[in-house]
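Submitted below is the structure of interest, expressed as C-alpha cells.
Which chain is which? They are A, B, C and D, in the order written, and residues in each are numbered from 1.
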Amino acid sequence: MSATQEFRIKWGMVIDLDKCTGCGSCMVACQAENNVAPAEDGLNRRRALNWLLVYRLSNGKPFPDHDIAYLPRPCMQCGKPSCVSVCPVVATTKDEEGGIVSQVTPRCIGCRYCMASCPYHARYFNWHDPVWPAGMEKTLTPDVSVRPRGVVEKCTFCHHRLMAAKDRAYAEGRDPEKLPDGAYVTSCTEACPNGAISFGDVNNPEHKVHELIKSPYAFRLLERLGTDPQVWYVSRREWVRRLGDNYLNNEPTKG
Amino acid sequence: MEDRQESTAPQKEVCSRFKCRLCGVAPFFVGIVVALVFGWWLFPTLMFNSQEQPVQFTHDTHVNVAGLDCNYCHKIRPDGTFSAIPTTKECAVCHQVLLGESRAERVFWDEYVRPGKEVAWLIYQKQPDNVFFSHAPHSLENCNNCHEFSKTELCLFCHVNVKDKAPTYHENRLSGYSKDTMKMWQCERCHANPNHLAGTAANNACFVCHK
Amino acid sequence: MEGKNYNLPADAAFFPEGVERCSLLRFVLHLVPIVLLGLWGGYAAFRVLASGLGVTALDDYFGFGLWIAFDLGVIALGAGAFFSGALRYLLNIDKLKNIINLAVIVGFLCYSGAMLILVLDIGQPLRAWFGYWHPNVHSMLTEVIFCITCYCLVLIIEYVPLMLENRQVVKNRFAHALAHNFHLIMPLFAGIGAFLSTFHQGSLGGMYGVLFARPYVFRDGFFIWPWTFFLYILSAVGCGPMFTVLVATFMEKITGRKLVSWDVKLLMGKICGVMFSIYMVFKLIDTVAWIFGILPDAGMTFNQMFYGWIYGRWLLFAELIVCGVLPAYLLLRARYRERPALFYISGLLACTGVVINRYVMTVQTLAMPVLPFDRWETYAPNWAEWGASAMVFAYAWIVVALSYRYLPIFPQERELNKK
Amino acid sequence: MLDRRGFLKFVGGAAVGTLATPVVWKGLDDLSIWTQNWPWIPRLDKGNNLNTYISTTSKLCPSACGMRVRLVNGRPVRVLGDESNPLSRGGVSALASAEVQLRYSPARLKRPLRRTADGTFVAIPWYEAEALLRAELVKAARDGGLMCLSGDENGTMNELLSALTVAMGSSDFYLMPGEAQTTAAAWKSLGGRGRVGYDFARSDFVLAVGAGVLENWGPVVGNRRAWGRARPQDGEPAMRLAYAGPVQNNTAAGADWWLPIRPGSEMAFLMGIAQLLFAQGCPSAGVESFAELAAVWTPEKVARATGLAPERLQQVVEQLAAARAPLIIVGTDLGQGGEAAPVILGMALNTLLGRVNQDGGLRILPEPEPVFPRAMSYGDMMAQDFTAAVRAVADKKRAAPSLLMIYEANPVYAMPRGAGVEELLGSAGFSVSFSCFLDETARRCDLILPSAMGLERFDDVNTPFGLGEIFYALCQPVAEPLYESRAAGDVLLDLARLIGLDMGYATFREALEARAASLGLDWAGLMKGECAISRATLPLESLIFPSGLIAEALEGRFIQPEKGALAVATFTKLAFGTADSAIPPFATKLITDAELTAGELSASMNSATIRELGLREGMKIRLVAGEMSLPARVRAFEGVAMGTVALAAGFGHTNFDAFNNGKGANVMDLFTTVEEPGTGLAVWRCPDVKIVKA
C-alpha cells in the first residue's frame, strides 16, 4: 500500500449520465482504437473483454415509475489504485505525470491479483489468444500492441493519444507538458454522439473539466473505499448518484 | 552397518585410490569445459541468423557525396510522427535515373524503383510492438539543453554505425529481435538517470516507452 | 551378503530395516487408479498450458478460483512441517521426532503441489521468473513468491536426507555422510523454515487483507500487515500439525500397521488445541470488528455479505462454530481430546474450518458485488481445474506411498508393531 | 571409460558449467521475449508512421454520419467523427464506428456467385456474371418484367436504378419500406406538396411518439449532437424531450419524460393531446372536423386506450403550450412498415401549434431534381409500395417479375415473414442481388454480385429522412474495393451501355459530378468532406385534415388484448445493424440481457405482467401468434408497458456471419402485412401473442 503520489497534471474524465443513452458508440470506438479483438460470442459478460463497459442502472421501482440510466465504466485511473501495489512484477504503475495507471502487458505474468483487487471490474484477462476474422487484422492501428493470451489489460485513457499529442507539441515547438484543452482526448470522448463524456486535465483551470468536477451533482464511484478515482460522473437524479456508492439506509446521498 | 562396508569393499580393490580420484573427477571437468565452450561460443552463434540488406545502401554516399542533410530523408512530420526510412517513391525523387554505376544502384533501380516496389529494409534498431518510441522528444534541441552532441553523435547513440557498408543484420531465432535492438536497460541509461528528470520531460514511467 | 528370502516381496531389499510391507504386486496395483487419476490431471494441465486458461471455468469476475483456494488450503495444512519442525528442533520437544519426518514430507508435498498449481494458474508461466527479477516490494504476492520458493527449497533440503536413508542408498558412503551432515544442520533449516513459513503464511493472509476495495476481506492491521496476516499464521499452525496426525492415522488405516504412538498424537493434538483456540479468539474478535467497523465504513451491512445457498450464512457458521469453536474446545480439554473418536473428529473439523476460511476469502470475496449496481456471481470449477488439482493429489499420494514403503520415516514403527 | 557413473559426472559438470554461461539467463530472457511476440499474434504494421485522413459520409449508418477515416500508410484503420461535418459534428454512431472492420466481415462477398441447378453456388468470373445479367436484362427489356428493389435510402443511386427500370419498360422500382414512405403518404393525405422534415436541432421541446429520435430515427447522430449541445453539463437544458412509447428504450433513457403507452395506441395518445389543445382554446378554425373528432378523446378515455395516467397527458400538453418551439415527431421503432394515420395526426398537431416552416418545427422541403434522365421523381419513388407489390404477386393479382434485381437490401430478413418476399423470389424468373454480404436475401437469388462497400466507392447522401433541411454530402472511396467486389453503379452503367441504353453517364462518378454541379457545389470541396446545407422551404399551402380517413383508422382500435395475450413492442439499437446490414463485429459485446438471455431472445415484461401470466424470469417460452411463433426467454424489466412484451429487433440472422448467426430470433417472424384502414397503405403489424411455456 504505497502512498498516494500527487501529480501536477491529472487527466480526468467527466461523464454526464443524464446525457448517456446507452447506444454503445463509445464501446465500439474503444475496441477499434485499442485493438481489442471482436468476439463472435460477446454474450458472456464474465469473459467478454471490454476496456469500457456500459452498465444499465435501474431505480428499482416497478412500472410505471421505473427509471433507467446508463453508466459507461472505463478504468477509473484511481489516485490510490488498489491494483498497483498488489502487482508482484511492477506491470501496472501509477508513475507518470497525468496520473494514468499504466498496464504493461509484456511484463504481466497473468496472476490476476490486480483483478481481484479492483472493485470496478475494470481489468480483463485474455482467456484466449485474440482472433480476428481473416483480413480484419489489417485494420489494427499501430498505436496499441496486441495482447496475447494470459495477460491482464485495461483502459489506459487512450494513452497513445497523449503521446501523439505530445509529439505534435514537440513538432510545433509547444510545451508538451502544457497541452491545451482538447489536444488530447480519449477515443470514447470523441465518439460519443451525445457529448456525454468530457476529458481533460482537472488540475488545469483552462480545461473545461476543471469546473465540471465541482458540480454539486458530480460524484465518483465507490468513493468511500478510498480509491480516489480520476473519473467523475454527473447526474441530476439522486437515485443515480446514490447508486454510485454503497450507503447504509440512514446515510444521505453525497453530491 | 556391517552390511554396508562389505558391499563397498570390492570396489575399493578394483582401482587404486589415486587412479580412482583422477578418473572420478575428469568427466566432471570435461563437462564444465564443454558447457563453457557451448555456452559462450556456440550458443550465441546458434541463437542468431545473419541476413544482408536487400540493397547495399551507404549513408556515406548520401551525406558526404550527395551532400544531403539527415532531415532530408528522416524527418519529423508536422504532426510529430517520424518519417523513418523513405519509401521507394521518395527515394525515386533523386533516383529517377541511374545514379552512378555501382552494383547496388543497379539492383535498387532494377528491382525496386522501376517496378515501384518497396525495399524490405532490415531495421537494426527494430523495436517490438509493445514499445512506444518517438523520435520527436529525442531531438538535438532537447538533448543539447545540457549535452553538446553533434547530429551524428546523437543518432549513433542508439543506431549502429551505418556510415559505410550496411552491416550484416542478425536476428534472434527465438525472440525475433535484431541483435542491435536496444534492451530496456539501455534505454534506462538515460531514462532512469536522475539527472534527466530535472532537465527534460523524460522520466522512467512505464507508459513513457510501453504501449 | 543377504540370502534371498522368497517369502519377502521382490523389493524387500529396499525396505526400511525391520518392517513389513505388502507385496510389490499389491503395491503397484493400488497405485494404478491413482496413476490414472494423475494422468487425467496431467492431461488437464497440458491443456491449460497449451491453450491457455480459457479451458478453465475462471473468468473476469473469478480471477481466483479453485486453484488459489486449493493452494491456500494445502499450504495451511502443510504448516505442520514448519511448526512441528520448529518445536522439535528449536524448542527441543524430543517426542515430536516420531512424526516430524511425515510432517516434512506432507509439507513438501503441499508446497511443491501448490507451486505446480501456481504455474498453471498464471497466464504466462514462461514469465514466472519475473517475480524474482522484477519484484514489487509492496506486493504481498511478492513476499509469497519469495518465501514459498525459498521454503520449498528448505523442505527439499529437509526431505533429501530422508531419501538418502533408504537402506540401499545409505550404503553409499557419500550419501551416508551427506545424510548425516544434513541432520546436523537441520535445526538451522528448521529455523529458516520457521521464519520463511511464518512470513508467507502471513503474507497469504495479507494478500487478502490489503484489498482495501474489497470489503469482504479488507482488514486493518498492524504496520503494513493486516490482521489476516496474523490470523493466517495462527490458523495454519492450529490445523497443520493435526493434519499431519490425520495423514499418519489414515496411513495406519490403509496399511494396517501402527506408525505413530497415541501419546505423540495426543501431544500434537494438545499443541493444536492451544494454537487453534488462540486463533479462534482472535478470529472471533476480527469478525466482530469486521461487522461493526469495516463493513459500515464501506457502507455495507453484514446481510449483504451472503447470497443464496452457495454463499450463505451457513458457511460462516460452519467456519466459526462447527469447524472453529467446537474443535478448539474439544482439543483443548484433555477429557475430550483423549477420546480417539472426538480427537480425530475435532482434527477433521479444524482442518475443514481452515479450508472453508481459505475458500470463502478467495471465492466469496470475488462473488460479492462491490459496485451497487452490480450483482452476485457464482462460480463452479470445471474439469480442467478439478483435474489439475487431482493431479497434485495423485502426486502426493504416490510420493507418500513410496516414502512409506522405502524410507524409514516412522522411528516407532518397528517398536509399535512387535508381535 | 564412460560408464554410467562417469556420464553422470559429465552431466553434473556440464550443468555446473552451464550456470557460468549465458545459456540459462539468455535463454530464459529470450523465451519470455518470445512470449511477448508470439508469432501467431498479429503484428502491428507501423510502416513509416504516416497518418492520413479522408472525410467521407457513411452509407451504412442511416443518419448520414460524417466520417473522418484514418489511414495508416494507406490502410484504413479507424472511423473517427468529423468535427467539420455540419450534421454529425464529430459524433459517430456505433454502426459507422465499425465500418472499416465490417469491410472484413466473414460474410463479405468475395466474387460473383451463380446458383447451380442443385441449389448450390459456384464462383464465376465477372465477365461471365455480366454476360449472364446482360442476357437477362435483354430478356426483361423485351417483356418489361423487371422489378427492382433498392436498399439505398437517399442517394443518386436510386435515380440510376429507377431510370434503368423505366428505360427497361417497367415501373416496378421500389425502395425498401421505410419511415420516409410512410411520412410521404401521410403528407400526401394532408394535401401537402414537397417533402417533410423535422427541424429537431432548433426545437426546445420535442415530443417523440414512437420515433427513437436518440437512437434510430432519422438523422440520429445529428439529433443527438444537437440534443447533447442543448444540454450543457454545467447549465440549464435548452431542449427538453418527451418520449411516448411502450418500451423504455435508449431514447426514453435520454428523454426527460418517458410516457409509457401501449403498442399501437399512438393515435389515441395524439387525439388526447389534440383534445386538450382544443379544450385549452387552440383555434379550431379550418380544422373543425379535427376538433370534432378529438372532442371525445378525454384524458380518461385516452388513459383507457393507452394505459397512460391522465395527469401525465395533461402535463405534456402544458409543456407543449409553454414551449417556445415545440415539435411533435411521430414514427415507429422499426422505422419500417409504419402506419400513416398517426403520422398524419402528428403533422396536424404541428400545424395546430403553428409549427410549420418555423425554426425548430415541421419544415416543407423542396424535392431534389433528378440528374438521370427518365429517373423517377422523389414523390413518385415515395409512392411506390414494395410491400403492396409483394402482396399482389403472392395473391396472384399481378404477374411475377421476369427479372428481380435487388440492390443492397435484405428483404428476406428485414420484412415480415408473412409478407411473401420468399414467394416473390421463388416466382421471379431470375433474381440478382448486388450485395456486400452473403445475406439471407442474396442466398435466395440466382446471381450474386459482390458490391463495393460505402467506403470503397463514390456515392452520395441527399437529405437523409427526417432532417429539417436540405443536406448533401459525398461518399468517396478510402480504399480499393476488397476482393473482386465492384461499385454496383458502374457495373450497371456498363451493362446499360452494352444493351444499348443511354443513361447519360459513363461512370457513376460522372453522375455525381453532374449532381454537384446541379446543386451549385464545388466537387473539390465535396471531396474534402464539405457538405451543402440549405434551409430553403416550400411555402405552406392550405392543408386539408382528412377526417374521414382518421375516423376510419380510429375505428375498432384500442381493444384490450384478450386475456393471456400480450401486445408486442420492438426496440431497435442502431449498433445492431439496420434492415440492410447486421451486427458489426465489435457490437456483439454491446448485447446485454435486454436483447438476449442465454442466447435466446429476451421477452421483456414488467413484473406485474409476469406475475399475471404466472411466468418466472429466465423461463423458456414461445410467443405464438396464429401460425407463427418465436422462441424466447422471460426477462423482467420494469420499463415495459402493461400487457406488453418487448422484443429486440435485429437478431436471429441465419445467413450472415459468425457475429450474427445463431443469436436469438428474428421478430419479423411474428409480423405480417395488412392494409391500413383509411390510407390503404400496406403496413406491417404484429398480432397479439400468446405465451406458451416451452
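Operating definition for what follows: contacts are C-beta pairs under 8 Å (C-beta built on N, C-alpha and C of every residue); 3 or more make two chains touch, one makes a residue touch a chain.
Everything numeric here is computed off the predicted structure, so don't read it as measured data.
Enquirer: More contacting C-beta pairs: A-C or A-D?
Expert: Most contacts of the two pairs: A-D.
Enquirer: Closest chain to the protein's overall Cα mean, using per-chain Cα means, please.
Expert: It is chain A that sits nearest the middle.
Enquirer: Measuring from the mean C-alpha position of chain A to the mean C-alpha position of chain D, what distance in angstrom results?
Expert: Computed value for the inter-centroid distance: 30 Å.
Enquirer: For chain A versus chain C, what separation do you get between their C-alpha means, in angstrom?
Expert: From the centre of chain A to the centre of chain C is 40 Å.
Enquirer: I'd like to verify one number: the distance from the centre of chain B to the centre of chain D, where each centre is the average of its C-alpha atoms, in whole angstrom.
Expert: Those two chain centres are 54 Å apart.
Enquirer: Taking each chain's centre as its mean C-alpha position, how far apart are chain A and chain B in Å?
Expert: 37
Enquirer: Residues of chain D touching 2+ other chains?
Expert: 31, 34-36, 43-44, 49
Enquirer: What positions in chain C touch 2 or more of the other chains?
Expert: 124, 127, 130
Enquirer: At least two partner chains per residue is the criterion; list those residues in chain B.
Expert: 77, 79, 81, 128-130
Enquirer: Where on chain D does chain C make contact in their complex?
Expert: Touching chain C: residues 28, 31-32, 34-35 of chain D.
Enquirer: Residue numbers of chain D touching chain A in their complex, please.
Expert: Answer in residue numbers: 35-36, 38, 40-47, 49, 70, 72, 75-81, 88, 90-94, 97-98, 100-101, 103-106, 214-215, 220-221, 224-225, 227-229, 231, 233-234, 248, 250-254, 258, 260, 309, 482, 573-575, 584-592, 594, 596, 599, 606-608, 638-642, 657-659, 663.
Enquirer: Under the touch definition given earlier, write down the residues of chain D that touch chain B in their complex.
Expert: Residues in contact with chain B: 1-2, 6-7, 9-18, 20-23, 26, 30-31, 33-34, 36-37, 39, 43-44, 48-51.
Enquirer: In their complex, what parts of chain A are in touch with chain D?
Expert: Residues 14, 16, 18-25, 27-29, 31-33, 35-36, 38-43, 45, 48-50, 54, 56, 58, 61-64, 66-70, 106, 129-130, 132-142, 145-148, 150, 190-196, 198, 211-212, 215, 234 of chain A touch chain D in their complex.
Enquirer: Going by the contact rule set out above, which residues of chain A touch chain B in the complex?
Expert: Spelled out, the residues of chain A in touch with chain B are 90, 93, 95-97, 100, 102, 104-107, 143-146, 156, 159-160, 163-164, 166-172, 176-177.
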